[in-house]
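Working notes for the structure below.
Naming follows writing order (A, B, C and D), and every chain is counted from residue 1.
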Amino acid sequence: MIQIGIIGGAGYTAGELIRLLLHHTKVNINFVFSTSNAGNKISDVHQDLIGTTNMLFTNTINLEVDLIFLCLGHGNSKAFLTQHTFSKNTKIIDLSNDFRLTHDKEFKNLSFVYGLPELQKETIKKAQHIANPGCFATAIQLALLPLAHYKLLQNDVHINAVTGATGAGTSLSKTTHFAWRDNNFSYYKPFTHQHLGEIHQTIQQLQTGFDAAINFMPNRGNFSRGIFATAYTKFEGSLEKAQKLYTNFYKDAVFTHVSSKQVHLKQVVNTNKCLVHLHKHENKLLITSTIDNLLKGASGQAIQNMNLLFDFEETEGLQLKANFF
Amino acid sequence: MIQIGIIGGAGYTAGELIRLLLHHTKVNINFVFSTSNAGNKISDVHQDLIGTTNMLFTNTINLEVDLIFLCLGHGNSKAFLTQHTFSKNTKIIDLSNDFRLTHDKEFKNLSFVYGLPELQKETIKKAQHIANPGCFATAIQLALLPLAHYKLLQNDVHINAVTGATGAGTSLSKTTHFAWRDNNFSYYKPFTHQHLGEIHQTIQQLQTGFDAAINFMPNRGNFSRGIFATAYTKFEGSLEKAQKLYTNFYKDAVFTHVSSKQVHLKQVVNTNKCLVHLHKHENKLLITSTIDNLLKGASGQAIQNMNLLFDFEETEGLQLKANFF
Amino acid sequence: MIQIGIIGGAGYTAGELIRLLLHHTKVNINFVFSTSNAGNKISDVHQDLIGTTNMLFTNTINLEVDLIFLCLGHGNSKAFLTQHTFSKNTKIIDLSNDFRLTHDKEFKNLSFVYGLPELQKETIKKAQHIANPGCFATAIQLALLPLAHYKLLQNDVHINAVTGATGAGTSLSKTTHFAWRDNNFSYYKPFTHQHLGEIHQTIQQLQTGFDAAINFMPNRGNFSRGIFATAYTKFEGSLEKAQKLYTNFYKDAVFTHVSSKQVHLKQVVNTNKCLVHLHKHENKLLITSTIDNLLKGASGQAIQNMNLLFDFEETEGLQLKANFF
Amino acid sequence: MIQIGIIGGAGYTAGELIRLLLHHTKVNINFVFSTSNAGNKISDVHQDLIGTTNMLFTNTINLEVDLIFLCLGHGNSKAFLTQHTFSKNTKIIDLSNDFRLTHDKEFKNLSFVYGLPELQKETIKKAQHIANPGCFATAIQLALLPLAHYKLLQNDVHINAVTGATGAGTSLSKTTHFAWRDNNFSYYKPFTHQHLGEIHQTIQQLQTGFDAAINFMPNRGNFSRGIFATAYTKFEGSLEKAQKLYTNFYKDAVFTHVSSKQVHLKQVVNTNKCLVHLHKHENKLLITSTIDNLLKGASGQAIQNMNLLFDFEETEGLQLKANFF
């Protein structure tokens, strides 16, 4: 049993990690660090865990654990790692955006690898420190990876995606107030969402010299979890050719599946899956990609990365029953 | 055109009042007082009013208006009226719970009348100051008034009611956070909700000596507006007799209707109606009562009271299109 | 009082028409025709109307009324008008897509005018028969009209829009089943939605020779009513210039308003408004347009057209309280 | 690996069974019988299973499997078992209400045991045929079992419960149409719900002679899954005493937990848990009980019964991640 520490235990992503790790057969949660909740039961915050665990949050950190998950707000992981030095054997998976971009990957004596298994599973297996991808970034990259891999991204890409309220985190805010969001719809950060950096970086890694635009419109949906993204771009080949490329590219992916039928969000909610669907209209290829923002878009993918880091079965602890209804 | 002032203009009930008053043919909104929003457009807060009004919030109060609506938090109306003295001709409709109970009705030189038109329309017409009923209190009283009027409340009453998220006001809170409330259900204040005081007072007024229990379970529903209440109690007569009593009691009520068919919440959402339905099972009479918590349960009833105070048509400004879907 | 007949009274659009017409001061509903519901109370189907009207559905048609609204399924209006001949003075407003396109506008001895007031208010005023625009078509045209009017649509347009479940009509279907749609999201008819015909026709009318692509992705949202559409295209001028063009174009529009602040769907739900917002990013102009699909997107716009046909105040009967929460 | 057959594979409960059994380590799904879907992929109906299973529905039945789950409409299980005779070693778990009541338990040469583990785990372990309890019946019995066990149910019980739309099954109906149910609330079958039979039978089994009333008001909530039930009755002892009785009664229950804090529905959604909470007000004990109607209220409990029948770990395959957000 490897020993796990979780830093920042009160948010959504930490909650999902704890839910998953409690039933993972190869790990033990050594501690869950939360300054604001130290001494309280974990199930006081993550209240579905009543009857599952009696663990308490703690304000002490075991620097010798085998693996640390950092579930801190963006910008706070660097600060935390400046203040705390773990054993050189301790692996780290960071869920923030602090170490995802090339110029952030080397920090102190740590070296972070971008943790998108569909992009670079072998590199992840050999890594020590993982920068876990963003939620929108995951959904969108999984829509575009095969095209970039085969150097077939030639034109502007037009992406529209909608995320659930958990995408905004646990802090109370006007746009996550129930009476505002219920039966409402809106966009935010048009063309400038912070995940575009990761997306561009990956596409450049696969298809150097890509210089068309990636237009990304993120939206707030009136649901709690999930991301549904559509992307279209010019594509000269047939639908069959595209399906072949995608199916081939994802043949070893254990969670990303190409669906021959149209997809909808609830197929993946509460699972670690990404479903991808292709449609061709005239010279446009339309790619749909849908994930659970807290699982494949955050904590599920973090566990997947953990499984790769420790050479566990990649699906261990992640064979989740969908909340299909 | 009578001149209207609104005190505390940023909350839900003030918003609904403004929406309604802007299209009322007999009144003019003289000012909307809000310290936190003074100088801002009303449509910056009540954003559906873009294109409808360019009025600004103000921090000055015209003490000579014909009518003041107080839309302040519970407890704050007394404080406000201690600090501000309106013209003796100014009528006041208070939407808080500060003046609803007998021992609160006389305050300074003001004398408040409980503003439930189905209970005492004639008294309201002659009043100067109105204590507008609470939302749950309105739904539940309208379920029980006929029985109390005919002195037929003999046994314990069992009430279960569910309210939308707007019932909790505009402040951000855990139980109005979207990710918490979406697809959730819970109760609060079992048997001790503060509206029980008004309900008991009214029942005593109609049926002195009633001494059985009124058991009231309030619930939080995962919808934005409306209250759906069911109440049952022993009743010896037939269903037909009950229907006759209710229909007769409400024959002059312009917004409260007895439905011969089962009712559901969305029949009344965004209207000033109360729909009442009766069902008999063995010796129990089941009464359903459903209202929009912000209209018949707050601002709509306040306008109805205004219409009565100023001898306008009772339905003026309140013939609202339901948001049935 | 003009006399009104409604054909096909059980659907959403007929329901909304009835709700609005009952409180319109210049009209009288002469009959509501429904073969399946003949003899039943209108309030048995449109159940919020309990206490508002006791009218019954009928299966007889008064061919002499002043105005007929056709609320029939697409394709059925032509069939109906083939079988029934109204007085030559009877005006007709058809809510289907049967008469919207140029080659459909002349039918028997009838001549239909496309009823988008923001496009051609004066033409509508002189018309006898109106083809009421589609819901998506309304939202999208109101986003693009000013650009087309000033011949500034030069490049491909990229549109993403989401509609509520009422957009699918009252028939039961898998994608309007609650357990499927709740907290779900999906697209349909990518790039081929039937409203594209109306949209292209209008743009050609204003900007002859426009030959770039209009890419339209329609989506199903998990809310009941409303359409939220975003459209972007290359635009060389500044944001200020765009705002000036839009504000100027809509200066006489009574329901379409240019908002300087970002907009969200619930600002317009249960109103006849369209809110338009502009944003510029690099060389792209992003236009947001949001309407209630059943009001400005159907029955509200039909009443607006009626007001124009009969020279009533354009806003008569349409000053609706939003269901903002 | 025991071999499993599922009869009636297209509904919600069959879908949940399949989702759970696919990851159960001790069983193999031998066949899923569905006449309407024979030859189709299971993942065409239960669409979250894309990438998880390639199994097809079949129209042939293996009469020699170790265990059959019957997921047929109420009344159809008897018909099915009249037409099909399984091996005498085949165990049967029926999810309908056909065999729950004493007078239904013996059928042909089969003998059914009521499958509520908290009531009679040892009896279930020795059984061959299980009548799986109803969803409301499960939630309500788990609220009342300890009182009945200690013969402390002395007075009328007042129960209000709300269920999600999946409680109505997969058939399309008016009350599960999205535009009707979204943001709506209503009751049905007041005081006469069919699950009262099971509830009374169990209470009599524990507390012979109980003759007070069980008043049960079922409601339709605007969410997809879950049941939230409150029950109150007179109770002379202290809250502490009640908590002690409940905690003691459920000390060996692996899925039913007594929470010292108030509970809400989403704590149990997508899990097999039941959370029970106690509150005392004056002489009333208020018991809250909440479950997922499709899991502890149907398929999860069926798996739990399977685990008991085959002497597997009781929690095997049921350690589910909640869909807490």
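Here is the rule we go by: a contact is a pair of C-beta atoms (placed from the backbone, for glycine too) under 8 Å apart; a residue touches a chain by one contact, two chains touch by 3 or more.
From a predicted model like this one, the values you see are computed outputs, not experimental measurements.
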Chains contacting each of chain A and chain B, listed by label: C, D
Chain separated most widely from chain D, comparing mean CA positions: C
Averaged-CA centre spacing for the pair chain C and chain B, given as whole angstrom: 34
Inter-centroid spacing, chain C versus chain A (mean Cα positions, whole Å): 40
Residues of chain C touching at least two other chains: 12, 164, 166, 179, 182-183, 222-225, 263-264, 266, 269, 325
Chain C contact footprint on chain D (complex, rising order): 12, 164-166, 170, 172-174, 176-179, 181-183, 222-225
Touching residues (chain side chain C, partner chain A) in the complex: 158, 160, 162, 164, 179-180, 183-187, 190-192, 215, 217, 219, 221-226, 228, 230, 232, 262-266, 269, 279, 281-282, 284, 286, 288, 325
Residues of chain C touching chain B in the complex: 12, 15-16, 19-20, 23, 44, 46-51, 164, 166, 182-183, 224-225, 255, 257, 259, 261, 263-264, 266-271, 273, 275, 294, 319-325
